[in-house]
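Inspection log for the structure reproduced underneath, given as structure tokens.
A, B, C and D label the chains in the order they appear, each numbered from 1.
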Amino acid sequence: MPDPKVEPVILNIGPQHPSTHGVFRLRVTFDGETVVDVEPIMGYLHRGSEKLAEGRTYVQIVTLTDRMDYTASMSNNLAYVSSVEKLAGIAVPERAQYIRVISAELQRIASHLMATGFLLNDLGALATPLMYCFRERERILDLFEMLCGARITLSYMRPGGVLQDAPPEFWPALNTFIQDLPGYLDEIENMISDNEIVLTRTRGVGLLTDAQAINGSITGPMLRASGVQWDLRKAHPYEIYDRLDFDIPIGALGDTFDRYMVRYTEMRESVKIIEQCIRDIPEGPIRTATPFFIRPPVGEAYASVESPKGELGFYLVSDGGISPYRCHVRAPSFINITTLRDMLIGWKMSDLIIIFGSIDIVLGEVDR
Amino acid sequence: MTRRLLGSEVASRINESVPGAVIDSNQTDVRITPASILDVANFLNQDDTLDFSFLTSVTAVDYIESFELVYRLLSMRNNHSVIIKSRCYGRDELAVPSVVSIWQGADFQEREIWDLMGIRFDGHPNLKRILLWEGFPGHPLRKDYLGQDEGLHRPEDIDA
Amino acid sequence: MDLFQNGLLNFQNVYSIFDWLLPDALDWLAFTLAGGLIALVVINVMVMGTGLYTWFERRVIGRMQARLGPNRWGPYGLLQPIADVLKLMVKEDTVPALADRLVFNIAPVILLVPALLVVAVIPFGTDGTGPSLGNLNIGVLFIIGVTSVNTIAVLAGGWASRNKYAMLGAMRGVAMLVSYEVPMALGLIGVVLIANSLSLFEVVRAQSVPFLLVQPLGFFVFIASASAEMSRTPFDQIEAESELGAGYHTEYSGMKFAIFQLAEFMAPLVTSIMTTVLFLGGTNGWGPIPGQIWFLAKVFLIMFTLLWVRATWPRLRIDQIMGFAWKGLFAMALINIFAVAIEVMLLQDQKTGALTSSDLWLMSVINWGVAIVTIVAMVKLFARKQWERPVPTPSPLANMYAEAD
Amino acid sequence: MYGLGLAKGLTITMKNMLKPGRMFTLHQYPDRKIGLIGLAKMAGTNPITYALKQPKKAIRAMLSLESVPDSMPQHSRFRGEEFSWYEERCTGCASCAKYCPLGIIRIVTHPSEKAVDEGDKYVLDVFDIDMGRCMFCGLCVEACPYDALHMGSGFEEGKYSRRDLVIDKQHLNDAPKRPSTWFRPQLEGQGFDPKSEEVMDWTKAGRHEKPSIEEQQDRWTQR
């Protein structure tokens, strides 16, 4: 009997799909349920931010950076603004640095809550952990609304400091949030971390060894989950991170469960950081006076920050004018999916969804 | 802190193993000829005292008469970094050897530079446009790219 | 006091009314009319019950997820199911261009009919009477036969909509539903052994001690495979929202989708009714409360646990589900049958073959021991080493504290 | 092991179900269903007297058919939609138009006959903001040297066609002036709450003293 003609199924896990975290397309070749070949296709959300940036002044680009990684716009602002300060040589007052670190760490908690919630949602837990995570994230967005009037696209930081000091009712609200959060985090963790179904579904799935991660320029929780202890806040401390003591969690095997666990423990570290910042934030000005149209001297500068997704860097080249000659963004989400193809091949369709979910990319940053 | 190695210090090391690659080097970065990118990258990656095992980013900047490629390298074990630059002159049919064989992380970034800047990378496994669709005319991030920038709004839209 | 002892809806009473009305020659017409009336009542009760169940499920899962659940339409959101049905009626009923039209249209009906059929043999009345259509003396066999029809519906729905996601859902559905028929049937053999007959009325009568206590392993096997039959978490790989969009009914909209949803939400209702009859002693209950109230309370209890599980646990992967069926449930069912068979053989008094409740209590003690031992042995046997969490050690490739030498 | 993790998960969902107080970030907008106790508390009496006084409302409340308008809690710094613009303070210098990243503010002025020392240099003919394309980043409010333009505090300005979204001078003038305190610390100092009914007069809306020439130069050019 001639062997039956078996054809692999080519399936478009297309730009419109419940768990691609935005408009990302995976052209997957299946043999039954197992993945044979994967080709990521992106660019559906490409707005040409780098070309737009060349036509705008240095402060107007701050509103552009919010829209890149729309789940962590505070870290985007921080990265861009520190790059401009390095370029134009602007000093930042103490109090502004403390407020920047507090808001960046709050943004990290919000982004990690979102990542954990959606990973559990992809696992099929019918949005219950997602709702608990979003309930906490709502409280962080309310804090941001107190700081800068917006919840998602904040554009709160300016070259030279922070736009506006925190209102008096911000500090008690922040204190209650910091006191409550560990309790709710334990609750969510109890629900997930020793759940046998979660363990069987995520343990040992989507492995990434430390050599592969380094060679693939992976940064952020994904790199730390593979055992590589590398975090810009410790390796290349910016703002006031060198004064704070917190430790960097790492994973053991580099599988989906470790990526989830690293993000989880990082949230607890962020709470510790915020507590220290609240304790010793000094009084004083929050912004050094900079003209509306900054004209930095001719030259270039690269500043990078540990955003929730990884190392987010801005490379600014200035020709002395009021807008940058070239503004390149080193986007962590864009580079973290380089090894996606090697991580997916051989796994089943359900694993493909969780491995991709555990990388935690945001399409605004991938396509810029 | 991540220590930035002095350009001259790295340049001398490169000259020993890949003669003639270095054009000049200043305080922050090392400038090398486009043809020698692959050999220099190989050396920097293999050498065990420098050990640049991590490629932070690959960027291209359009300086009208020439394109400058900026490789930002980092050694995680000894926590130091270096910037390697190389200029290729001319506007069209620019080709530069690809470093994907050494650092897999450069794969998407080089495709993005080809897609938006128009610099071809020889030896890249599948050099295709990554952000724009295949039939897109021209490379938008070039300074001389004048897109069909009709206003964001056509007049007839306004009275809709 | 019992509402249905010889109340209105017993088949004999209804048939005798019609027989008195019509001339003797037309007794066949009286028979069909009586059957038709009872069927009408039962189907309406089930459909309204499903509507109520959807409201109950969305409210309870809402509360579990720290939100309110439907409260806009009608008192406490009670009109929400009606609002859903009206919305789906008004919605356009699209059929994919390449769809296999005939199969596409029949699939929802095939799924709905078995769920309704099962209710026909359920003994609602206490000790043997009740509105059900017939005192079928092979009730358990009928249930097993009818509930396996939904595999065809899933395959028909998935295949006919010519959509790769639906096809994947259908293939998974067929594999899972067929392989969970076996443990479901084996789980019931323990019940039949003790009740010494296949008729559901006998099963209810034999349950002086609820079979849940008597054979916990059989109950666990039945509940697990029943929740897999209706593809509820943790086995809902058929319409896994995160992977396949909506599984086999991705391409359905409008009234066809409404029927699919009706069947899908009727399944937990029917399963909890089956479980109450088979394992919790349908209408037996002490105290002045009538049997039916006990029946509804037990159905409510089972429904709530199914909801509770659906709101909390994630999904298993399709090959893990299959492994669990054949390696886990199949073995447990066999052990359960083996244990119950020995106990029945020893404890049964020879002539009448009846088991007194003291025998049942003795059996339950033994069976609980057997259940715990089997589960611990199963976990030891199959627990992969993934479950421990090794202590992470920083890899030598990176040292972020390395200062300038 | 042995399904204990699964059981722990179940207890957490049950705990959340039994504790309604945990829905603290939940706001029912635009109206909130209210029960008999809530209605009685709003009316200030205890439930029984309230039920006797208004039986019809009480029964409806018990059946949860009663609902009360509810608004989203907002901080006074909320960057809302309806811009508050004071024509008396605006001199037509168009710094806001220059500073807007999207360039959607259109200003047309002509020099007025009055002399400079009488304080009137330009007469504004057109001042419209295309709210259809505005992203409410607030840079225009930051750039205004005379605190004439303030962010609004509402978000219910939806219209049916893009043309109506372009708000013109007339619309800006007669809109009620409830400016948000975003980038206006002096409003925060006065404890002004944009959600309340009171309207902000143009004299109190900004810093009284005109920004000095140095400060303006410092803002716009590198001295």
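The definition used in the following text is that a residue touches a chain if its C-beta (ideal position, glycine included) is under 8 Å from a C-beta of that chain, and two chains touch if they have at least 3 such contacts.
Everything numeric here is computed off the predicted structure, so don't read it as measured data.
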{"item": "Result of counting contacting C-beta pairs for A-B and A-D, higher pair", "value": "A-D"}
{"item": "Most distant chain from subunit B, judged by the mean position of its C-alpha atoms", "value": "C"}
{"item": "Rounded Å distance between subunit A and subunit D, as computed from the means of their C-alpha atoms", "value": "29"}
{"item": "Separation of subunit A from subunit B, taking each centre as the mean of its C-alpha atoms, in whole Å", "value": "24"}
{"item": "Whole-Å gap separating subunit A and subunit C, where each centre is the average of the chain's CA atoms", "value": "43"}
{"item": "Mean-CA-position distance for subunit D and subunit B (Å)", "value": "46"}
{"item": "Where subunit A touches two or more other chains at once, by residue number", "value": "128, 132, 135, 191, 195-199, 214, 228, 230, 235"}
{"item": "Subunit D, residues touching no fewer than two other chains", "value": "1, 3, 6, 9, 12-13, 16, 22-23"}
{"item": "Contacts with two or more other chains, residues of subunit C listed in rising order", "value": "64-67, 311-313, 387, 397-401"}
{"item": "Subunit B - residues contacting subunit C, complex", "value": "1, 3, 53, 76-80"}
{"item": "Interfacial residue positions of subunit A with respect to subunit C in the complex", "value": "9, 11, 17-19, 33, 120-128, 131-132, 135, 191, 195-201, 203-204, 210-211, 214, 226-231, 234-235, 248, 250-253, 257-258, 348-351, 353"}
{"item": "For the subunit B and subunit A complex, residues of the former touching the latter", "value": "1-2, 53-57, 59, 61-62, 70, 72, 76, 79, 83, 103-109, 112, 116, 129-133, 140-141, 145"}
{"item": "Residues of subunit D that touch subunit C when the two form their complex", "value": "1-3, 6, 9-10, 12-14, 16-17, 20, 22-23, 26, 28, 33, 63-65"}
{"item": "Subunit A partner contacts - residues on subunit C that touch it in the complex", "value": "61, 64-67, 164-165, 168, 233-234, 236-237, 240-243, 245, 310-320, 384, 386-387, 389-395, 397-401"}
